[in-house]
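Shared between the two complexes below is subunit A, which pairs with subunit B and subunit C, respectively.
Entry: the complex of A and B
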């Protein structure tokens, strides 16, 4: 059935109106999708709203998209005028159908700059678009632009603070709460998208961007993220991006905590309201960092043993061990101005793990740790008499771990990865 | 505790998959591309149009079929292009993709590749540009989109290409990166872009070209890779898909053909691993970026 241009025009206007009405009727729409429905039905609205889900019947899309798309292009080429309201509606419709369409997002950036659009609305539109297209690069890029826009435009200026009656501390506190909420929302959006597509590079790199741009140096956020992603990665053992995020968190925590440890520790308030780790204990950072690495290696061991043959887990092990190895090197050679009193940990740490195994004290300690119990670090802890030992990953214990895996398991892939890990230890670490 | 085998993420190549190169079919596919597309599909892919022109032209040239494509006169935009690219460089040496400011090492590569083709590399702050890209180098020798980002074969291609154009390949740890890259090869012979991802023909380009740039292309099993790429052809329509049995498109067609060229297929023109353009085109303008040996 051939459609006249008038018929298409009427249809499109109706669909755009229906979509907008749906949002007005239900501001809690949290997911959009296509409903497979090839039969053309001019009399019925192709827009379906059920609870918080917005559906578009597929038959209308092939009319809708080219028409609306061409309208926007004509506007950009200055061949046809569209008023602001029309632009908002058209770009919204377009982006719900095809969020890779860069120009449509950029039109919305311009509208935002003019003050026609509310940035929160675009964050919402991005979130919806991601529910259907969790990878879409342009969508993530637009989200970052809006967030940066909000940061620039919405932080109160000195003059604004003077103008308002409320005291500065209240304004700062409200700002801090706003930031907290914004952070939580970003993590939620990232987590949703990560769950919708395996190893979602764009979702996880956005999450890192958020840490770097909205939570810089924020130890609490780093710790919270480490806790909250632990379960997630345990249930997504192939998700290389998820594990990489944890590597990033560890690296950031180690860096921040080390910096804190080297200066005189006075709790300071950061602009975001969070305290630095102004721990009363000078040795705090020296114990926390090894503890973090120890726990991560333990997690990695558990997962490797529970889920044989996952390359991601072995990559994670490489990276975590490397970070630990590097941190240990830096903190042996660095002339620590605030060297804490020697603990048992330090005795172990003071041994170069790369030395030939038979000579270093570390080796002796490790040999005392019964060979058959490697991997169960907590049992080893109890064997040593000099106070609480913090068992740490070391080259010899890693080799023992590999041997254990190789002798125990029959998965060919697991064996392959274990051998590759050993080769990596020898080539990269054991230089 | 013991299990007999985990499902490795990979494809299985069927015995009846294509195993010879169907160049004529691919040329027909590209030559006809776009002319039959209905409004909807054409619209959906509009944002890819410029890239699509590059993919189509390049693959046709590699196959010696450029004459079949329509020519258009391009105005002399050289200075405007240089100014535009220059204006995108940030204080830290990175490049934005456009005026809206997204930073990504892909744009560093696009910037220097563009300027190199125009002979105007001196228009930007080279030291800063290099400094930024190097700050994106990870512990595994790879590169991500921004400092601290996950290593990704596509980004690695962009960064090694960048370092080649800027004469900084000695900063790469070739053995370490080469090892990461050849670990992309799966039992099927195909290459993926990151651990535990499925193989994709376009990674035959991103990974292979990177290996060629850093002088480690012999670390890949070439025969198995060739086998995989050939299996991605569609015998009926022509063109290549991302993996055997999927729908073809010009993007994967280019990178399949380019990958085969890097592997030494004599029916295809030699391709430059940095620019992904025929070598003879670059020779004509005197552009020969460094490669490690």
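Entry: the complex of A and C
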């Protein structure tokens, strides 16, 4: 079937126009897809619009893609001129078919920079492209470029969500609200893409980038993310990237909360956006972090027991336990009065509730602990009076956990992972 | 952790007859859903046809796990899930569904039944509820009941077939699959779906 160049040209013009019209007719299109349809049908439009889904029949792609691709390249090489509207339409068509085409995204960057294109439009195009290609690295990169560009253009000064030292004008509040909405939108885009492809590294990396560059370490956002991803990871137990995100959150929270603690020790300026930290108790931040780790280990335990044989969960356990181990180490070496009496709490394993009589026993079950005995008695009794102590993850409790898994275990993989974990505990943590 | 389809079939002497099915295709891209559904029907029927009476099996095919239970009275059920979904819960679900089905639908109607004629409406709600395996069923109870050693494991669909039989041929001949699905199958087989453009 030989197609003349004019036929292809006519077809392509028509397809590009049809796509453009589809968007005009329905601004709520939320997904694009390829319709498997091998028969060539010149007379009919290959563009299908059903509900909010835009489909392209597969037969036209082999004509459309090389043609449009070529046209754009000729433009970039200055061999053929395209007006701005044509550029917008052509890049849109190209990117919906093949979003990994960097040149097309870059043309759109240029259009953005000279004010022809609305950045919101590009964010929308990215979202659509991701519905078909949830991993596409170039697409995520472009999204970050647009977000950064928007940040620069829309905020004259650096916007710190933490910094609510004194009441601001309405403009600042609106800025804040806009940022909140933007954050939510980014999390939604990431979650959608993560759901469309298992262990979608690019989607989760983008999510981390958003935390670092848009939320800028805001504690509330970090806490919210921890709670909102909990269910997701529980339903995606072999998604490494999802669990890695939680590891990142824990690390970030531990770092931010520790800094808050230090500010409280040496108060220069009271940060009062930190509703979660609670400034009243000087030990409070030291409680929050262990609690976070404890909860994460509990989640991990629950999932390992419910869904045997998923290596991701065991990897997650290693990461979390290691982070906890590191944090505890760093904070033991800090000022004596601030450090939690870890030797004592390590003795209180998950099986036993807190017990006054065991204060005298400071078993050095963990080789790494050294200076914790000093001055910890008064802290111990103070803590006991405050309420039930959280059993913190520790080497003995981890060994108990592994034994428990091995005795009830009917899955060969689970067996293997448990044994490997024990080996890791002994060689890395136990030293 | 997803369930994609839940089907009840009758294992006839030469082929399996679909009685009722429920699907959750929300995680597939919109325009693929009708093909995916046809393939799930095709697969479920093929599995029941090639499974012995009184057997339970799990068949792995790409990133899917198909779990089947064919009872001694020729009633069969197939669950198609992803690889995260715990297989034990699938077998509990199959037991439950087939039991309920056999009490609600007279066995006289099984050999010649079809989704249009069979009066059994609970399949959709079962599928929806079991999307979260923990809400649907107490896992500990499940673990005690099922003897896993009796479940046959297949690493591919191919291992269900007779010597010399090819899956491609069965696809081409199948009445469950429309032309579009057959074409889709052809192109999908040739490509690495990771880098899919076409």
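Heads up, the rule we're going with is that the second predicted complex is superposed on the first by the 352 of 431 C-alpha atoms of A that agree within 3 Å, B and C clash if a C-alpha of one lies under 4 Å from a C-alpha of the other, contacts with A are read in each partner's own complex, and residues count from 1 in each chain.
We adopt the following convention: a residue touches a chain if its C-beta (ideal position, glycine included) is under 8 Å from a C-beta of that chain, and two chains touch if they have at least 3 such contacts.
Treat the numbers as computed from the prediction; the structure is a model and nothing was measured.
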Partner touching more residues of subunit A, whether subunit B or subunit C: B
First, second, both or neither for A:13, with subunit B first and subunit C second: neither
Contacts of A:238 with subunit B and subunit C, given as first, second, both or neither: both
Contacts of A:35 with subunit B and subunit C, given as first, second, both or neither: second
Touched partner set for A:61, first subunit B, second subunit C, both or neither: both
First (subunit B), second (subunit C), both or neither touched by A:310: both
Which of subunit B and subunit C A:132 touches, first, second, both or neither: second
Which superposed partner A:69 touches (first subunit B, second subunit C, both, neither): first
Touched partner set for A:98, first subunit B, second subunit C, both or neither: both
Contacts of A:118 with subunit B and subunit C, given as first, second, both or neither: neither
Footprint overlap on subunit A, comparing subunit B with subunit C: 61-62, 65, 98, 238, 307, 310, 410
Residues of subunit A touching subunit B in the complex: 61-62, 65-66, 69-70, 73, 98, 100-103, 106, 109, 138, 141, 144-145, 148, 199, 201, 204-205, 208-209, 212, 238-241, 244, 248, 251, 305, 307-312, 315, 318-319, 322-323, 326, 408-414, 420, 428
Residues of subunit A that touch subunit C when the two form their complex: 31, 33-38, 48, 50-51, 53, 55, 58, 61-62, 65, 97-98, 131-132, 195-196, 198, 235-238, 306-307, 310, 410
Contacting residues of subunit B [partner subunit A, same complex]: 1-6, 8-9, 38-40, 42-44, 46-47, 97, 100-102, 139-140, 144-146, 148-150, 152, 176, 183, 194-197
Subunit A-touching residues of subunit C, taken from the complex the two chains share: 1, 27, 29-32, 35, 63, 83-84, 86, 132, 134, 139, 143, 148, 180-181, 183-184, 187, 197-198
